[in-house]
Each structure stands twice: as structure tokens, then as C-alpha cells.
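One chain, chain A, links the two complexes that follow: it is found with chain B in the first and with chain C in the second.
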Partner chain A sequence: MRHHKNVWMMLIVLSIVAILFYLFFWMLTTPYDLFPSDPERADRMLSAIKSILSRKSSQVMAMIISAILISSTSLIFQTLTNNRILTPSLIGFDAIFVLVQTVIVFFFTSSSIVYVNPYINFLVAATLMIVLSLLMYRLILRKNRNHIIFLLLVGMVLSTLSRSLATFLQTVMDPEEFQSLLIRTEVSIANMNTTIIWLSLPLMVLIVILIVKNFRSYDVMSLGESQAIGLGVDYAKKLNWGLIYIALAMSISTAMIGPISFLGLIAVNAAREILKTYKHFPLFIASSLIAIIFIVLGQGIIVETGYLTTVTVLISMIGGAYMIYLVLKENKT
Partner chain B sequence: MIEIKNIYQAYGDFKVLDNVSLTLQEHKITALIGANGAGKSTLLGVLSRLLSPSEGDILVDGTPIHQMKSKEIAKKIAILKQTHQLHIRITVRDLVSFGRFPHSQGRLTKTDQEKIDEVLEYMSIQDLENRYLDELSGGQRQRAYIAMILAQDTKYIFLDEPLNNLDMRYAVEMMTILQKMVKELNKTIVVVMHDINFAAAFADHIIAMKDGKIIVEGSTDDMMDKKILDHIFDHDFCIAGVNGRKVCIYYNNQEHMKIEEIKGEILS
Partner chain C sequence: MSNVKLITSSQAISMFQNKLKWFNRRWYLIIVFVLLTFISLLVGVLDLTLIDLLKGDAAAWNVLWISRVPRTVAIILTASSLSIAGLIMQSISRNKFISPSTAGTTNAAILGVLIGYLIMGNQTTLIRSIFAFAFALVSTLIFMLMLKKIKFKNVIYVPLIGMMYGAMISSIATFIAHRYNAIQFLNTIGIGGFSNKAIGSYELLYLVIPAVILAIVYATRFSIAGMGEDFAKNLGVSYGFVIGVGLIIIAVVSSITFVMVGTLPFVGLIVPNLVSYYYGDHVKKTIVDIALFGSSFVLLNDIISRIIVFPYEISISFTMGVTGAIIFLLIIFRRMKHATS
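Let's look at the complex of A and B:
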């Protein structure tokens, strides 16, 4: 019981930090200049973050939606595949999304309604993603669940293969088609695509509600497949629906802010380290907050350093190092 | 009552279960024995709906198991598999709480909490309830898992090699607890085992499997027979009597006997 209290204490602390964090920037965006005599560097950093948060609300919303989706689906992906290292993007989901977009342009041309209308485009791409992710689970993930190194390798191959295939299709494409394809594929936090925000917001709410409703079952599922079935969880059903949520969430976040490989890994594992619990609900809240903080802070650093690199690279750098640490730790036990 | 009729299960061309029919004996410990790969674990998996058979019916109180909801089955049958590799850090109490999932769907009521206290006490691990599973010894961890199964409050309990990785003292303790559960709580327990002597000492009924078939079943006393055991395991056993109980000696071939004799001479 005492342990549970600790979890909630930590959650409250994290929430307060997040609220303070937000209030702080909200104050910065008010006309009063609170830090007139600060050193220039800190000032520039703060105004960079300020500029991110004071961007169009649709962009802030897109960031928050994506952060929540990435962290929550990484969390349940780890439960469904019974490991702590893989995340949907590490197994290649976001690279596949880029490939799917390229294939759509390649076969339907960029002037077709499947590409021009952002909603229809998203629905077609998301459906393809769901089919592909279910296939991927059947063919690869289920059989090799315990071989994390092998799965990481598969993920790397799948990402590279999808990227190369996309590049190949793009090279043989008509240059004008290629230009219009870039709108959908060259998306990043600096260059967000918020056209589908009114589709993704309700979808996110729906996905989050469905996932939260299943948290108690997911808790049991972290005991492993046979134990979960023994305790009366309809494992196959929960698994298939879980994969559908994941594919949808990855489609939404990749469509809006582009691929961010290691964000889910960092957010979920940091939440686990901090809260030291297996319960999905507190982990979900903590990892979402961490993901939001990471994106915003990361973008702040990028703007401050004068766009020398991108947030994706920064997060990949930290996340990659963290993953090596996790793999080594996992191998030891 | 659980009965299975004409069960077949195959991986590719290899028949793991070949026309198996069985009616479980109620309120007894049944030991499922047989050589490695004889199909014991598969049979247990099929009995507990972890695996669905290629052919045949499993009837729980007359209802085919595939027509029942997983949640309902979980109130009647509890299963513990041999490997529990956990990727999460969890306390004993939290683990045992999972046993209440079929009844409460994760929202623990006061009745659930009382039941959890009760089983923790029954397995005498109440002072370990806030410890993490990875801090416990193998014997304590196994008791925590049995406590979870007990919290599930089912009539049938299926255990896949529960004595694995336990030393002799803990293994005896575990089997004694299972006997107590049959006697006091009216459970029906099926255990997959490798050690014949443990089966002989603690089981009421033994089912022997070979090549995916049930070849013999009977009371423990009838089954502890040289001819039967030799046939089950394709091995040369020696049955001896110790304290009015039958004990089986596995290392019965000539060379070992000689070594024993030599050692005996030296000792005397």
C-alpha cells in the first residue's frame, strides 16, 4: 500500500512540474518581460521555447496530440510484445507510413482525391497501416517475441527497406509528383502538417479512451500470454485491437509531426524508472508528460542553436544512447 | 466435471496428442507423468484452453469449453505454466491481487482484499506481501504464484511442473500444501511432474502418457509397478519399499549397481 502512495506522489509531483512548466511559458508570452536582465543565451533559449508554445494553437495541439499518442501506444506495444525495449517506431512503423504515402502518390498520382483530400488520404494510409501492422505481428513479432536483439534487427531492416523503397519510387516518379509528395513526407516538428488536426483530435481522444478502458486488462497481460489467458483475459482480441490502436496512432503522429524514432522509448522507460510501477495508468500519464516536455525542450534547444540540426536528430541521439544502455542492462539479467 | 473426448493436436505432421480421452477425478491430486515430449504440457494446455485442439471436445460441467467465455472459464479453472519470466517488477500482494481479476476485472472490492489476505495467510507469505518478486527465493516465489492461483478461487487447479527449480525441502512443502488444498478446500488438482517418487508420495491418481497417448492410468499404488513404469519411460527401474511406501530407483542398470556395491563395501 505504501508503495502505491509513492507512485501517486510521484505522479502529482510530475503533474505539478508540468503545470508550472506551462504556467512559466504562459507568463513569458504575456506582455510583461519577466527576464529583462538575464544573460542573452538563456533569454534566447526561453524565447525559443516561447515561440514554440506561442505558435498557432493548432501546432501546439498537434505536438501534444502526437506526444500523447506516441507514448501511450509505445507503452501498450511493450506490453503486447512483452518487452521493454521495442517501440512501434523502432520496429519501423513510421518508415512504413512514409512508404505508404509514396505508394499512394505513385499509384494514384498526386492529383487524385486519395492524395489531395487530407482526410481521405489519411484514412487510406491509416487503413493500409492497420493491415500491415497486423500482418507484421502475425509473421514476425509473435514467433520471436523473446528475441529482442533479433526484433531490433528486423526493425532496422524494415525501416531501411521502407525508406529505400520510398526513395526508389520517388526517383522514378515524375518530378512534379515528387514535389507534391514532399508535403506529406517531409514533415517534422519545425514543419508540421496540421491540416488533419480536426480529424486527429477526436481520433486521439477516442484512442486514449479505448486504451485507458483496457488498462486493467493490459496490467494482467504484462504477466505474459498464458497467465493472462488463464486469468480470463481475451488475449487475442485485446491484442488485435491494441495493434489497431497502435497503427492508427502512429499514422496520426507521423502524418502531423513526422517520424521521431526514440521518443516513445525515452518517454515510456523514463516513466518506468521514475514511478517504479507496472500499472499502465500512472505510466501513461507520466510518459505522456515526459514526451511533451521532450518535444518542447528539444525544439527549444534547436531554435536556440540556430537550427543546426533537428529535434528528431537530437532525440535520436539521446534515445539511441539510452537504448544501448537498456539493451546491455536487459542482456545482463 | 471436466471430460475430454478424442482430442487430437498436431504441430505440422507431428501428432502431439493422438486421440486422447479422459475424465478428471474430482477432489484428488492427479499426476501427469511421461517422458519428455510425451504431450503432458500440451494436454494441460488443452485442458485449460490455453491451446485449442485440432479436433475433439473439452467439456466443463457438460459445456464445451470453446463455447464458454474466457472470463467464465477463469472462475472454474486456474492454470500455472512452468516458466514465468516476468518483465515487470511487482510485489507479492500485487501478484496475488491479479488472481482476483476474473471476479473483479481489476477493481478490487473489500471482499477481494479479504480473499487476498486469506490466501496470503494460507500460503504463510503474509509477511512477504510488500516484497518484490525478484527479491524472493525460488520457493517463496512459487508460493506467491500458488497464492495467486488460489486467490482465483477455482475448483480446478492445473500446474505445469510446479516443482521445477525447487530444492527437495521446498518441493515436499509445495506438495504438502497441494494435498492440504485438496483436503481442506476441496480442490481438484492436476500436476505435470517428472519425479515419479513425488508422484508416488503425494498424488492420488496417476495418468501416464507416451507418444501423445494416455497409455495407462490408475491409482498411485497400481501404477508404481516395474512393468508399467518401464514401459512408460523405456527405462529399467527398480521398485523398492520404504516405510510401507513404494519408491522407484532410476539408476538401476548393472554398472551403477556395481558402483553402489563397491561404495557399500568401502563404507562398511
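Let's look at the complex of A and C:
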């Protein structure tokens, strides 16, 4: 227990350090005098600092929201699939997101309210994505619940399909419309869409509450399907709802920071390795903290070092190597 | 006595009918293939009619030889070799969902072309292909070794791991490209298609012919190797050698076609699956059908992408992405039904 206390302390301190680093480190390296004696310049400097800080804090906020969503949904996805290596990002929500945005521009034009207003746009896109994923779930999970792994394969094929369809629509689209489409589809961690954080924050809180409320059932479900049913868990219902949370969470994080495929894998597995527990609640907290550390600290370092690469690439490299390690280790035990 | 005789003769008849059916099926394929080849030769922006050709119009024959024939030949070579590579990969890994695109081979070819560019600058397509080949071979080998170590060999789990492995290789390529300012070059790798294939720009594709011949020669041995190492050894097949030959064929085909025409989604995946559904898993018997079927499928897609926005054309990878995805989904659903029932 004592050992765990240290771990928690370390994780919390590290995530705070990461956030502070992201917010304030630039002040130490900037060549400008941040607190000039001239009152007029001091005023201007102050407002500049304020605007930088507000931009950076909304970016941090977007990253934290996404980190929590990604790690919590990866955690329950691993429980539902009964597999430690799969993450919901394999379903390919990013391709579906791009297709949805393309369809919106194609049929409503880029000057319509559905596209211009970020909130309405997000709501429409998220609704469409959830409807699409529900259709997919219905189609595949209707007959046999064990087919969740088929879901991944179908998702992967659907993402190729939607990528092809989106590219086709984009080729026949008006060039100016295409230009304005890029604003929404070229979302990545280096180019975050922070306009919707005030919408996604309450949604995230809602999803997290719903997921946390179900943690007891998920604890039982991680024993396996027949055991869970034997112990009185309505497995099919929990599975369906879990998949709905996943679709919602993935739409939010994809709309804000774009796809980050291996983050969930790293965070959840690292949490499992550190805590050596199967209980969902501590795993959830630890994996969220690890995801925050990874993404905020990583992005902070990359911003400060002049964008040598991107966090997504770094996380994919580390995550891929970690995955191979996990695959090989699973074999030994 | 007469009863027994009756049964045997009816069996003989049914066997004969089966043989006939087999021939019929192949003949259908051949007819479709020839028909599509003709259409592919005749479709295009420049007017080219059979009558002109028969009259011996020099301009018409020029169009045919300089642009139409190279394109059609390129399609046939690419499609048949990719389908065969997919077949080999699926039979030696005993998994119907594996192909060069779901095992990191294509991603490794991209990495290879990038490294080649960084070391030697702009190079000929031959050198590009050699780099792509070396990386594709090593990466496929690593994936196969990894596959051997995986305990939980679920049919779908394995290609998912393959795709994550491919994503990791891609991220390494992106990382290197970021460091050496080659992102722009990286984005141009693998953009191809058949639209620019004319005399002088497709001949390298002939290099896949030896690989295809080798594949046909080794066909039976691939089926045996697919039954497992011990089984293959019992039958006197040198397992490691056969797997090695298979990997080399896969790497040659996927690197050359990738460098020359870019990615063609789903060919290596769905063509062997569809053919094995109708013709069974016997590699030696199906390999020709797979080549024919794969070529017809890609020819059809190429014709569609040439006429859908005529006189322009859309990239074949989009057409293939759509038609291939739909067919692949049907395959998956059918498999799911089998699994449930």
C-alpha cells in the first residue's frame, strides 16, 4: 500500500509539472523582457501574456479532456474485448469524422450554419458519428455478442471506405469549399480545435460519471462473459452502453485533437503494470494521469524544442514498440 | 451387382460434371478477363475504334502501342502478382485476413523508399524498388517471427496487430522525414495509379513475372507449409526454405508494384478470399484463377475510374477503396454467419 501511495504522489506531481511546464515554460526562454519598467509597454506586455496564457490554457484543457476520454474508453474497451492490446482507435473514427465533415460541406456548403457555427457543427458531426457507430454495432453485435472483435475489422474496412468516399467527394468539390473544409479536417494536436471545449467539457464529465458508475459491473465483466452473466450482470446491455460511450468519447477527442492511436494502449497498460490491479477505478485514475503526462509534457517539450516532430508520431513509436513487447510477453506467461 | 455398377457410374458422371464445372468456371473467368482487357484497351480520351485499327490507321496503332497496351499490361501484371502475393501470405500464415497491407509490408516499403531518398537523393525507380524490397522483406520477416510468438492466434486479432505494427513503422518514417525535412517527399511516395503508364514508364513491372512463375512452381509447397512446420517436415518439405521463398516473392511483388503504381487497397486481401470460396484452398489449383480474377477485378475498377468523370479520371485507389471495402464487408459478414451457425 505504501508503495502505491508513492506511485500516486509521483503521478499527480508529474501531471501538475507537465501542465505548469506547458503553461509557463516559455516565460523562461522568451527573449523579450516580460516585465518592462515603462508602464505603457508593461500594459501591452501584460495583455500579451494574458492572451498567450488563455490560449495555452484552453489547449491544455482540450488535451486533458481528450486524455481522460481516451484512457477511460480504452480501459473499458479492453475489458469488453477481454484483450489488453486493442484500443477503440482501431475502429477508425478519424476517417469517419473526415467523411462526416466532407458530407456536411458537400451538401450544405461551407457557408451554412451547420458548418460555420462550431457548436452546431460539432453536435451534428457527433450525432452522425454516433448514429453510424450504432448502426455498425447493431449490424454486427445483433446476432452474437462475441463478435466485438469482428467490429474492429469492420471498423477498419469502413474507415478505408469512408476515406475513399471522402477523397472522392473532395476531388469533385469546389476548390474554395475544399479549402474551408481543411480547417475542420486537418485537426491534430499541433492544430487543436479549442473552440468547442466549453461544449466538450460537460459532455466529458457526463461520460466519465456514467462510466465510473458502471465500474463495479466492469470489474465483474473482466472475469469473462459467462462468469459475469453468472454473477448477475446484464452483459449485453452493459456492452451496448459501453460501446455508445466509446463512440461519443472518440468523436469528442477526434474533433478536438485529432487521432492519437497508441495513447490509450500506453496509458492503460502502464497503469496496469504500475498498480498490478484489475479494479477499474484506480486504473482509470492512473491511466488518465499517465495519458495527461504523456500528451501535455510531450506536446510541451515539442513546442519548446521548435517542433522537431509531433507528439502523435512519438506516441505511435513508443506505443508500437510497447505493443510488440506486450505481445511477446503475453506469450511467456 | 447392377446396383453397385449404377452407383459407380453415377459417381463417375458426377466427377466428370465436377470437372466440367471447373473448366466452365475457368472459361467464364477467361472470357470475362479477355472482354475486360479489350474494353480497357479501347477506353480512353483519344478516339480509338476497332475499325480504325482494322483499317491499319497508323495513328490509331500508335495510340494503342504507346499508351493503351502499357496501361493494360501494367494493370494485369500488378493485379495478378498482388493477388498471388496475398494468397501466399494467407496460406503460409494460415490466416485469411492477412495481406501485404495488413502486415506492415507496405508501410515498410514506404520507409525503405524514404531511407533510399535520404541516402542517395533522387534515384531511378529500380533503386527505389531495391530499397523498398529490402525493407519490405525484413519487416515481413519480423512480422512472421512475431506471429510465431503470439499465443492467442485469433483470426482477426493477428491482422489488427499487423496494422498496429504497420502504424508504428509509418510513425518511424514520419519521424525521420520530420528530422530531415522530407515530409513533402514522404507524401509523394505511393501516389501512383495507372494513368501515367506509357511506354518507358512501366517496364520495371516485368520484374514481377519471375516472382509469379516461382510462386506457381512452389504453389503446392506453400499449401503444405501452411499446414504447419511439423506437418511440412513429415512430408519432406523444407519448411524454412519454403517460407523464405514465400517471403521473397511477397517482398518483390509488393515493393515493385508499390513503387510503380502505389497502393491498391484490398486486392491481396479479397481476391484470394473470394476465389477460395468458390474453388477451395488448394493453392496449385487456384493460383491461375486468382491471377485471372484479380486482373479482371482491377481492370473493371480501372475502367470505372476512367469513365465515371470522363474525360477526367479518378484515382483507382479510391474506386478500389469503395468496391473493395464493400466486397470485403460481405466476406466478413459471411464468415461471421459461419462462426455463429
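As a convention for this text, the second predicted complex is superposed on the first by the 237 of 333 C-alpha atoms of A that agree within 3 Å, B and C clash if a C-alpha of one lies under 4 Å from a C-alpha of the other, contacts with A are read in each partner's own complex, and residues count from 1 in each chain.
Just so it is clear, a residue touches a chain if its C-beta (ideal position, glycine included) is under 8 Å from a C-beta of that chain, and two chains touch if they have at least 3 such contacts.
Everything quoted here is computed from the prediction, not taken from an experiment.
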Touching partner for A:S188 - first (chain B), second (chain C), both, neither: neither
Which superposed partner A:G320 touches (first chain B, second chain C, both, neither): second
Of chain B and chain C, the chain that contacts the larger number of chain A residues: C
Touching partner for A:K276 - first (chain B), second (chain C), both, neither: first
Chain B versus chain C as contact partner of A:S180, first or second or both or neither: neither
Partner chain in contact with A:T127 - chain B first, chain C second, else both or neither: neither
First (chain B), second (chain C), both or neither touched by A:N83: both
Contacts of A:S226 with chain B and chain C, given as first, second, both or neither: first
Contacts on chain A seen with chain B and repeated with chain C across the two complexes: 83
Chain B to chain A touching residues, read off their complex: 45, 48-50, 69-75, 77-81, 84-91, 94, 98-99, 101-102, 105-107, 130, 152
Of all residues in chain A, those that touch chain C in their complex: 83, 85-86, 90, 140, 143-144, 147, 149-150, 152-154, 156-158, 160-161, 163-165, 167-168, 171-172, 261-262, 308-310, 312-314, 316-317, 319-321, 323-324, 327-328, 330-331
Residues of chain C defined as touching chain A within the complex: 97, 146, 149-152, 154, 156-157, 159-161, 163-165, 167-172, 174-175, 178-179, 265-266, 309, 314-315, 317-322, 324-326, 328-329, 332, 336, 339-340
Touching residues (chain side chain A, partner chain B) in the complex: 1-3, 82-84, 146, 216-217, 219-220, 222-224, 226-227, 229-234, 276, 278
